[in-house]
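Chain lettering (A, B, C, D, E and F) follows the sequence in which the chains are written, and residue indices restart at 1 in each chain.
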Amino acid sequence: MYFHKQELQHAATPDKPDAVYARKLQEVLGGQYGEITVAMQYQFQAWNMHIPGKYRDLVFGIGAEEMGHVEMLATMIAQLLEKAPLGITDEAVQADPTVAAVVGGTDIQQGIVAGAGARPVDSMGNPWSGSFITASGNLLADFTSNANAEMQGRTQVARLYHMTDDHGVRDLLSFLLARDTMHQNQWIAAAQELREEGYEELPVPSNFPQQKEATEVSYQYINFSDGAQAGDGRWASGPSPDGHGEFSYVPEPQPGVPMPPPTVPDARWYGTTATSNTKEKIAGAVQDKLHME
Amino acid sequence: MYFHKQELQHAATPDKPDAVYARKLQEVLGGQYGEITVAMQYQFQAWNMHIPGKYRDLVFGIGAEEMGHVEMLATMIAQLLEKAPLGITDEAVQADPTVAAVVGGTDIQQGIVAGAGARPVDSMGNPWSGSFITASGNLLADFTSNANAEMQGRTQVARLYHMTDDHGVRDLLSFLLARDTMHQNQWIAAAQELREEGYEELPVPSNFPQQKEATEVSYQYINFSDGAQAGDGRWASGPSPDGHGEFSYVPEPQPGVPMPPPTVPDARWYGTTATSNTKEKIAGAVQDKLHME
Amino acid sequence: MYFHKQELQHAATPDKPDAVYARKLQEVLGGQYGEITVAMQYQFQAWNMHIPGKYRDLVFGIGAEEMGHVEMLATMIAQLLEKAPLGITDEAVQADPTVAAVVGGTDIQQGIVAGAGARPVDSMGNPWSGSFITASGNLLADFTSNANAEMQGRTQVARLYHMTDDHGVRDLLSFLLARDTMHQNQWIAAAQELREEGYEELPVPSNFPQQKEATEVSYQYINFSDGAQAGDGRWASGPSPDGHGEFSYVPEPQPGVPMPPPTVPDARWYGTTATSNTKEKIAGAVQDKLHME
Amino acid sequence: MYFHKQELQHAATPDKPDAVYARKLQEVLGGQYGEITVAMQYQFQAWNMHIPGKYRDLVFGIGAEEMGHVEMLATMIAQLLEKAPLGITDEAVQADPTVAAVVGGTDIQQGIVAGAGARPVDSMGNPWSGSFITASGNLLADFTSNANAEMQGRTQVARLYHMTDDHGVRDLLSFLLARDTMHQNQWIAAAQELREEGYEELPVPSNFPQQKEATEVSYQYINFSDGAQAGDGRWASGPSPDGHGEFSYVPEPQPGVPMPPPTVPDARWYGTTATSNTKEKIAGAVQDKLHME
Amino acid sequence: MYFHKQELQHAATPDKPDAVYARKLQEVLGGQYGEITVAMQYQFQAWNMHIPGKYRDLVFGIGAEEMGHVEMLATMIAQLLEKAPLGITDEAVQADPTVAAVVGGTDIQQGIVAGAGARPVDSMGNPWSGSFITASGNLLADFTSNANAEMQGRTQVARLYHMTDDHGVRDLLSFLLARDTMHQNQWIAAAQELREEGYEELPVPSNFPQQKEATEVSYQYINFSDGAQAGDGRWASGPSPDGHGEFSYVPEPQPGVPMPPPTVPDARWYGTTATSNTKEKIAGAVQDKLHME
Amino acid sequence: MYFHKQELQHAATPDKPDAVYARKLQEVLGGQYGEITVAMQYQFQAWNMHIPGKYRDLVFGIGAEEMGHVEMLATMIAQLLEKAPLGITDEAVQADPTVAAVVGGTDIQQGIVAGAGARPVDSMGNPWSGSFITASGNLLADFTSNANAEMQGRTQVARLYHMTDDHGVRDLLSFLLARDTMHQNQWIAAAQELREEGYEELPVPSNFPQQKEATEVSYQYINFSDGAQAGDGRWASGPSPDGHGEFSYVPEPQPGVPMPPPTVPDARWYGTTATSNTKEKIAGAVQDKLHME
């Protein structure tokens, strides 16, 4: 059950409108690693979780926090758009070249569709998609996904920080950067605790009986490019992080196996096959041969 | 530059056709965490990388390896489909209920569109999308994304392992499971090496001057759900994994800030505003007031 | 700001698992008119709204309520999937034809991707999309969109009601049906109040000076199909609902205007044009003529 | 059966080319509420309709009319693009800053893909999608959807009206505005007639036996945000528009029900569960316990 | 301008309902190569065409014909769905295994969303997309695209022909097959006529001055796979179809050129670069070095 | 199996960065007819092919070549972005209007998401989609699709050639143009050889017994637009290219067949039907009539 409070977690008011920046900010609202993604990702992880207790409490709590981040960004974007121009005339551009920058750089749908408002899209106008989230039920995999999402997200916010000098915007971004710092640390800590408490281990999923995999290649670096430098990495020798093996370096793949012969499905799929190669094909005759009806 | 060799890395031939399983296998070919995703992700990371040497060699090599995994799965799927039925009659179902299972469980487009062949889609038929990949240029973020992709992928292959008892299929899956074990370990090792070599640190991106973030909330667990159990996790007290702070637990958020007043954009956006609330609106008069032309 | 409470608005537990129904229920969770849509739609309308007060309070409140509906459905789906089978063997199907129905009717990704969990997709597996929502800033348009969403949604829930006889599922659906009844009534009431308070009128947007439209066709039914029955509807004669005109019926369109001549863009767009039709084309000569560089 | 006549319903020729505006106009051609949407929506409603007569005649006729609107917009866009520039040099921009506006503001694919032509996309380049339309078979729901589509569409056209001062473009828009006026009125009138003729009532679908819903909450405004202003709306007291109930205001939700316990699906889904939390896990032992093969 | 006539081009009534087949038929209605695609493709080619006369008349005419094909398929699908079951009980399946086939094989949204009606989607439920069409303005390219569309389409209809023995359905398919035969022939004839009349030649676009391409590789088969059999094809020796060159076979590529050095963008993009590799990084110092503000 | 070599097929270095052009070039990397499309299309055709030998060798070889084209374009784009600006200030625009052009014309995600790198998207930012490819198993259809893809692709590259005067970029484009020339010729030659060798004929699929189609309309041009000019084309008289018929011109369609009566599905789909039109509807009564439970 969710409750809304008509306050913001942090101030979200720009010094002045900036329609071009309003578009850029859509990335961290509705992009692949925007706030809608993490809000939905954590909530679906909560609803799909198989253990009660602190881990589920964690994803519920952070999921709700991220909903509030979505709100702050949407509110900020609406204000950045408050003076969004409707159009542009040649005279206006001649008089002030800044106007030209605005024309090209705005999200046209923030105007025509939303009437100078925020939208559930990224900075290039692609709608947010349910395919952006991850909630597998395996918590070590999912917390790693979460850590990645917070890393990508903080990197994007850091880039956006340098694209404006508006103090109000930067103030909000500094808050988001700090929360991303927390959340990166938190998911890494949660992944560690999962491992320490024995819920999950590397390789994920650790419950799968590892002797059933082709163990001869479980710790081999097999080289499919023509450089030799990858052999110098710690992934090419020494113990593997899961503690189950020793890395080795294979400079080129073993000879492979021959490709299986091409398939020959039912003739009524009308693929091109060896049996379709006959100059004397006559429609009726083929029909007989194929037992088509 | 890429070269193709008409061999497979591992045998990829089923004991017998199974059109229902051919659909399920599409998930790890063309799904969010399928082999097309990792192949494309690693190659884009290579093309966008800013440092030469072992890390770029690594993503080039594994990217090419994954292309070969795509090929093994596509080849396997085509063979699983070799006896794909075209349709079904009531009589056939009455005679053999297994047939009914086949009808519903197949990917219809593997038949009608591909003529009993593999497709660049997931197990529900959604086409593979460029939005599935991650290549930010920040290697610690991207290697964490890679580790997640291999964890999700190995989990999916493990699930698929139990959905068939075909020895040929399981033999291929056991190979893929082993390579996913290697790749999970490898990306974790690569992330560690990046940190040890000083290229990147937590929080990502580590180059961003952390004093510019709102440091008072950088290590706080702020609770937005009504459970108290998240306070017991190691993300709520003790040193943070980045070594820069100490976690604390805030049982409920500080009072927020008031929402900014609603925006009032240009009247020609035709949003509903306070000034649009007038019973005496007459089209001509409004036009004057709005200076519309 | 959002707060989560670890309770549900209404009971959401099925009598027994049913993986086939778990897929069907995805429609009202993650479909075009599912609960994610209305939750996001109302919240974006709130963030983009230009007037404070009761209308904004309304969309904030119902938006949060709908988030709780998303949660109830996701929780229900996870429970319906609790016994989701991994696969199927021929023997199992021979022994029990019900099994065959399950094979075909399940959402494969609820299993392979979510580990027997809910997903942000519709009943055919299409991911939820930001393009499903409407938030234009014009409240009469948007409340009409909301009324439609609740009508479509209640119709879908009513259809789903007859697809199961599980008492737990039906109990949840009866709650959702009731809330959709409320919400249909509420948006219609809100639209009426907007009109009565003078914020907006028909035709939407009412602020646009109607004399600027081609008023000679503003209330004409112009017939482009060969039936004559549409002439019997009240949209073909009598006063129009906006109170500004009188409907009339035009049995066939006036003669149109000639199509403008085809465009002839720059030759370097390499479209096929009249000037490209010359037998004596010689690459060099063309280059000269086109002043290409 | 459809017939095409090589005339336009209304003149559709701009005074002069304007590649930036050609992009904006894509919104009402190929966007969520563009002319392709309404054309397809009305035609699918016709094909799916269950009653013959005036309502089906209506959707057939307006569907065909809207196809002609698609054509006028596509023709207009091609002419606006007739002088679309291929590229831009620094010198050109220095000489005339207007050029800069053009660079950024154009739809690149109108040039590179369509050779200076119209495309089935919106103003941000998203392709038109079948998910934009609504055709449920329930006519009261669908006519409400239609009314909304015409309201959103007319609002967008009104916004576009102010983004140009080209007389030819405005002339076409004034025609589209008038037809949207007609179509808004018409769908509202059709919805009223449906109700008067007893085909459908509120709440939709009216055939569903209302006593089967949780009637105790069918007319309650339940407050999930912290404002009290929504209590002043007519949706919070007085008779409901469907005539079946009386609105009431519930300032805060009743206590909810406890969440059901987390699900524990088959171990072979490899989710993280309580039983997976055991330090003494040994692959072989687990395999036995799980009866995995 | 479009006119609708309430007749069908050909009978479109099945002998009896078949909800499973109704789903399959969606492929040729709303799939990549379904009738919506060709209808929209030909119409956009007409609107974007740069020459008047017979070619434009052709695409206008066939575009309108294809709209009628969309209608016949939608009508057929609605009838196939007339007895679509709402759900299924275990008893029903036990009594009649055919029922199980129906459960899995239906398009769930044809029921829940469209109320037993047709939808603008393919056989796996993916919505039709504007990205399915091609209209480049270059007629030789586009007519080749059209020929391909009719080949793919006729192949799919042929496959569907064998998936049913319903005489009514087969009667409609036999009509569609015949029209696809006509349309394949027609586009090939139109492409030939374009070439004979000198509008366009191979290679497309023929206006581009061919001496500006890297002519040394314009007719070389360069081998990037390890087979030698491609050297036996007529694409590896002899005159090229465009009449401008002679094919040759290059058994393995020339040595390539070295990769350019990795890029080093502005540090504020926070990519991992050589300069970011410094153990003594201190936030403040970095800030100075980067001249960040 | 794929191997990567850290060389490029051709030089791919621009004279100088150009972030606006970096966006345009995305079209031929990740667009509908970009290099990812042809690379994936040819590889899927190889994996799905039913005959061994030269045709499969051909698609394997060209598929691998196109992967190298993807790489050259991605590398070029990264270099074009090397000086991509982060943002823009009013002062900068006032000082140099060129800057304004850059603001609007860049792909924002190349910056914020990829850190100044290439992305798997087209020039408007739409992600590459698996729905862009064609691999039907019918080789005459597929090779026609391939010829079209190379025609569309070469046309787009030719357009891009005129959008820059950078010698490095043009040098790469001249290489791609030449390879597209080869590939157009090659697919046309391969289609001819398929026909000469008797694998496939027109109409595709040639194995389908043509007497089963409605042969009376197999070679008729039936006119659905009001022009008469299409009657002058060679598609309206004379022998058809498949050698099986004679074209004829039908100036207007034969009278059609009446539309079938509207469907009347189960009442529990809650569509609007004639039986739902009853003023005396009472919920309980309806329930009885419908035998609803």
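Note that in this section contacts are C-beta pairs under 8 Å (C-beta built on N, C-alpha and C of every residue); 3 or more make two chains touch, one makes a residue touch a chain.
The structure displayed is predicted, hence computed values, not measured ones.
Q: Enumerate, in label order, the chains that touch chain A and chain B alike.
A: Output, common partners of chain A and chain B: C, D, E, F.
Q: Chain A-chain D contact: same residues or different, taking over half shared as same?
A: Different residues, largely: of all residue numbers at this interface, under half are found in both copies.
Q: Please tell me the distance, in whole Å, between the geometric centres of chain A and chain C computed from their C-alpha atoms.
A: Centre-to-centre distance between chain A and chain C: 24 Å.
Q: Could you please state the distance in Å, as a whole number, between where the Cα atoms of chain C are centred and where those of chain D are centred?
A: Computed from C-alpha means, the inter-chain centre distance equals 6 Å.
Q: Could you check chain A for residues that touch two or more other chains and list them?
A: In chain A, the residues touching two or more other chains are 1-9, 32, 48, 56-57, 60-61, 63-65, 68, 75, 78, 86, 97, 100-101, 103-105, 111, 113, 115-117, 121, 124-127, 129, 131, 136-138, 140, 155, 158-159, 162, 165, 205, 208, 210, 224-225, 227, 253, 256, 263-265, 268-271, 292.
Q: What does chain A use to touch chain D in their complex?
A: That would be residues 1-6, 48-52, 56, 86-90, 93-94, 97, 99-101, 103-105, 107-109, 111-113, 115, 121, 124-127, 136-140, 194, 197-201, 205-211 of chain A.
Q: Which positions of chain B touch chain F when the two form their complex?
A: Contacts found on chain B: 1-9, 30, 36, 40, 43-44, 47-48, 57, 60-61, 63-65, 67-68, 70-71, 74-75, 78, 113-121, 127-131, 133, 135-138.
Q: What does chain D use to touch chain B in their complex?
A: Contacts found on chain D: 155, 158-159, 162, 165, 268-270, 292-293.
Q: Mind pulling up the chain E residues that touch chain B in the complex?
A: 20-21, 23-24, 27, 31-33, 97-98, 100-105, 122-126, 155-156, 159-160, 162-165, 224-227, 253, 256, 261-265, 267, 269-274, 276-279, 281, 283-284, 286-287, 290, 292
Q: If you look only at chain B, which of its residues touch chain A in the complex?
A: These residues of chain B touch chain A: 5-13, 32, 53-58, 60-65, 68, 75, 78-79, 81-86, 111, 115-117, 126, 129, 131-132, 134, 136, 138, 140-141, 144-145, 147-148, 151-152, 154-155, 158, 161, 174-175, 177-182, 184-186, 188-190, 192-193, 202-205, 208, 210, 212-225, 227-235, 240-242, 245, 247, 253, 255-260, 263-266, 268-271.
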